[in-house]
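Dropping the structures in below, format is structure tokens.
Next come two complexes built around chain A: one with chain B, the other with chain C.
Moving on, here comes the complex of A and B:
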């Protein structure tokens, strides 16, 4: 298993590098074919009153007069040695810009994920343990409700009530604990809906299994049954969903950061997109690609730990396996069981 | 093709999101109003005293901090105004007074100026702000360093030749043509004095605001790109402009400029007392703020009014009668009462009425639908069954392009379209975001009109903008076709005496408006401040920036 894991990890790593490079090139091409660039856009602002010659000299300083293929090659060769270049908008090194915003987004995304998981598990627990007549129906409606309310609506309402009316946090200090918590709530709610839906389906499925009936017949209370027997197998698909929501957390961060006045990756992207700041966008897209690939890889690795039935070796369908040789293509298979 | 669609789609999506956010903001604001305003508006005023910290919420902190490239940014100008000084001060009515230059002279043909500097002024890095430093700054403003990515500052006179330090406090500046606008330009937001050490740094290091050393009443304590700038008072500052009526260091200890992109969050924070000033509130919110005792400041900048410049080379504005009909067909009172509040005033000319040389020409473009209709009749445009006028089988069509730099522009264009529609125009509106607008509208000489929002500090610069002289922008597509305009332009640009120039400027305004090259709408307020009533004695300069050098906080 170790050797196959290593080979598997190696292959995934190569795949990851390819994905990141493709993301880099793709971003470059997409932004480059859009009309205009930040330098010329600023210079052409009529308030400046520059001559064509002045504009041409400045544009040439930034290398923006080169053919796109040349610009791409230069940018790519710098990227491969870890040089992310200089922002066309702010003239600051891209590494500095990204490093400044990562902690804030990380804090927001991690808190949002925590909020989402707590909410999802609380709702799921409720659907199994509350008296059927009162709570359950209401609780089961929560995920669709959560999904249908846009995060910015929740965000603005939270600010209105908790910051402006109750004074619990200040919009001037968006990185304070309370401000981060409420931003995380706004961002986490839609994510919690997806997790809760999968979890509820899993719990419903598991609680109909024979082993659950046996456990109940032996006098196990609903709460203990939930904690000891149902939760673990039902959590399997949650891992997959959580890995997939990373993209959503990063995307949602854009809106939530803008509303809460946080300076994170989302707001950096927003500023860079509106000014077509190519070097920054490429760095952020590459970073996002790395995060996405890594998180999904982690999900794959956690999976077999949660459920021993998940195979890390392929089924011995070929004759080779029958001969006792190691399988050539180890596959990690996620058995997402949605009844 | 794909690119166009992508751009348009992005613009549309962005607008849709903004519209949604805006709509919600209105709802939440209404809720906030219902819930009650601030604790109290504060009764007594008291005496100015030291101490206090204020927070200023702003919707953007601009792009780069390279002083030359950023000083005219309407966002970063707030910070530069506190960190750096200027040679002269220009107040809100365009009056020029001493600042770092305590006096100046010019020769008879306005090509040589002598500036006498205050003694003992230092940058916050300890280096002297002397004649040498001023010469370096003048060169940087005029020429920049294009090969190092540093642009010259916009609107600095192109006639600048060189400057020399005569002694420690005397600078002689030479121009290759009369440049009466030179001294007022020194008070423009672009002309900020920066330590020569900082000017010598490469672009990447100048882009770090902490390296950009000025001589102003505040210094940069900390800053974070796209997030905030914290300024703290400079204790040994003692060379503020006399005109603001305060000497010595500032009263306030710190000013924090914090970027909050969402407008309702900015104003909500001021309403709830979490911040002291919110920049760029929407006109519709202002009355409710005033009712609740907040201070609302809507200083006008010196510059052009908001209006349309009409392209005499493109139909239908190649006909003076149609241009005049357009001018007389706009109901400015309706625009003011629908889009704005009482704080806005109608245009009286093509330049704002606080410009010293502005004269009232409102009669030449007054709203008169009957006159407008008869002008169109005279021009041969006859009304069809659908209400749209036609001539030789062609419809009287035109497209307006709302200026994305003015938030109220689209609402104004919609009203204008309605008003002109009643006269028989077929008006279409094409709204673009800033980037697309720059691509398709800004330099496009094939469009029949362009909506103007534009500041200037000295009316002398106007002449070169309006025509094609000196790389001018040829606003009306006149070229050499109108000798009178060009003659008046030369009289303004080459004037060596301010009174003479004022006369020519008056004639120029009259001529341009009579020919209906320009259709004024309203005077522009581009900077709107909503402020905590306990903050007193804020000053606003000629480009409508708030200065907190003179401001103090009530206990």
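Moving on, here comes the complex of A and C:
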């Protein structure tokens, strides 16, 4: 915990807060400029028979007669103290609606992450330890394949095989253990590809290092070399990659929850999209951004402690708080570098 | 002897604009797949002669056969024909998405990288915001704002890809600006615009191309996902994602899911293979 680390932590913390606030503003602007706000639409519907006076009263109750900037300020200040507003459709506090569905999505995302890590480490292990000729080439193609299959196809395939043909779980009980497991597999597969890619790159790099050659020359077998020497340094970047995939787990939940018939954040979003329940959408998107930013902040703060080679000072003058700081780099790597 | 000849024949040496590289067979296959996809999207009527919208009710839910390569759906429509006719919108919308990403993201990255200072910091935070919101969620919100159409799904996908392009572009610009030949160009009196157009952009274009190809595959998946959730053109449009989505209601006719799904996977796999090959030959 030296001064340079603390400065780095402080800088990242400020950045994270700024990004969360900006994400809220961004979502608010996108959502509030939706053509025709749903409140007025409902009120103006002649079937509901509101008088002009009542309309004016309700509109001012929701604060919709205020300028956008004032609405934004009010909404943002409520958000900061944890008040997410009231759903336009059900009149329930958004906090409650979100709290109801979070456990289910959290369980799904956590299981998906676990599946992804197990799969990724298994694939990575195979690429280093299987006979070069048969196993490795096939395994190395897995991440690329995993990234090419839409999650909904994997989900439907799993349901077709394990629910309809093998009868392992029933689609009418989406919260049973097996159903959750297979939903997690479908959600976790694309994530596992990204983790596996980083792991394989790391392992290939480490096994070319001199210390690996020394260990081999002293008679260490490939399996022991892998477990004792190669695995640890190659696993470090996994921390960053996993943090980056949080967004994908949340986004992917939209599709997977639909397919497996689960209630969760994904189904809440879909319902709010179809009913134009803007406060709920605003809340879910901003909370997703908060989760992403917090998880990535933690990953960035933990990383230098795990890996002493990482420098916490800005790389150079022009790198100051810029787009390409060292801990942020792996985003780029995830997209661009495939072993 | 024959084996050797085959290998040599299929790994012909190609020199594409100065890249002298051996084209691996899998890359050739990938190009062939994309060529088929391209033909499907350009000439759907020629390659699939059956009517994609009006079916023969008597022929409903038939399995794959010589007459119906991918079988038929619940209205007796030829699925192969529907897949082929849905290609243009599935693939073109991914191209629209990538174009938005390259142009907007590239511009942001270019300004951030070449201006530096405050502009860089401000743009960096904007990009961070775009990255912080899960891209699929962002796409859903944007598409619900624009309206449920495939064009809008493409725009939404493009916006959610802007951040990635901005990052890569900025990194490339900074890398090139520090190069000795750029310094030399500036010392010889090269203006900022000159350096940008003559040196920075051409150098960045390769990384950007590989990323664009990769993002193209990703966009096909995202747009298929949006169509699957019903955020694209409604039926009788036959976007690939929509076909899978309507096919899933007929578990007794699994080809309704597998055939379009296989087409998506083959296309994206080919795109990804080519992207990886482009990066390696850099």
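Annotations
Simple rule for what comes next: the second predicted complex is superposed on the first by the 252 of 339 C-alpha atoms of A that agree within 3 Å, B and C clash if a C-alpha of one lies under 4 Å from a C-alpha of the other, contacts with A are read in each partner's own complex, and residues count from 1 in each chain.
Basically, contacts are C-beta pairs under 8 Å (C-beta built on N, C-alpha and C of every residue); 3 or more make two chains touch, one makes a residue touch a chain.
This structure is a prediction, so every number in the text was calculated from the model and none was measured.
In the superposition on chain A, no contact is made by A:136 with either chain B or chain C.
By the document's definition of touching, of the two partners only chain B reaches A:271; chain C does not.
Residue contacts after overlaying the shared chain place A:254 against chain C, while chain B stays out of touching range. In the superposition on chain A, contact is made by A:31 with chain C only, not with chain B.
By the touch criterion defined above, A:167 reaches chain B but does not reach chain C. Of the two partner chains placed by the overlay, only chain C lies in contact with A:284; chain B stays clear of it.
Of the two partner chains, chain B is the only one that A:61 touches; chain C does not reach it.
In the overlay built on the shared chain, the residue A:71 is in contact with neither chain B nor chain C. Once the two complexes are laid over each other on the shared chain, residue contacts for A:95 go to neither chain B nor chain C. Across the two superposed structures, the residue set of chain A contacted by chain B and also by chain C is 30, 33-34, 150, 152-153, 156-157, 160, 164, 258-259, 270, 273, 276. For chain C in complex with chain A, the residues that touch the partner chain are 109, 112, 116, 120-121, 123-138, 140-142, 144-145, 164, 166-168, 170-171, 174, 207, 210-211, 214-215, 217, 221, 224-225, 228-229, 231, 241, 244-245, 248, 251, 254, 257, 261, 264-265, 268-269, 272-273, 276, 279. Residues 30, 33-36, 38, 41-51, 54, 57-58, 61-62, 86, 89-93, 96-97, 100-101, 150, 152-153, 156-157, 159-160, 163-165, 167, 170-172, 258-261, 263, 267-268, 270-271, 273-276 of chain A are the ones touching chain B in the complex. Touching chain A in their complex are the following residues of chain B: 2-4, 6-7, 10, 20-21, 24-25, 28, 31-32, 35, 55, 57, 63-66, 69, 72, 144, 146-155, 203-204, 206-208, 224-228, 256, 258-262, 264-265, 268-269, 271-272, 274-275, 434-436, 438-439, 442-443, 454-455, 465, 471, 473. Within the complex formed with chain C, the residues of chain A that make contact are 15, 18-20, 22-23, 26-27, 30-31, 33-34, 144-145, 147-153, 156-157, 160, 164, 246-248, 250-252, 254-255, 258-259, 269-270, 273, 276, 281, 284-285, 288-289, 292-293, 318, 320-324, 331-332, 335-338.
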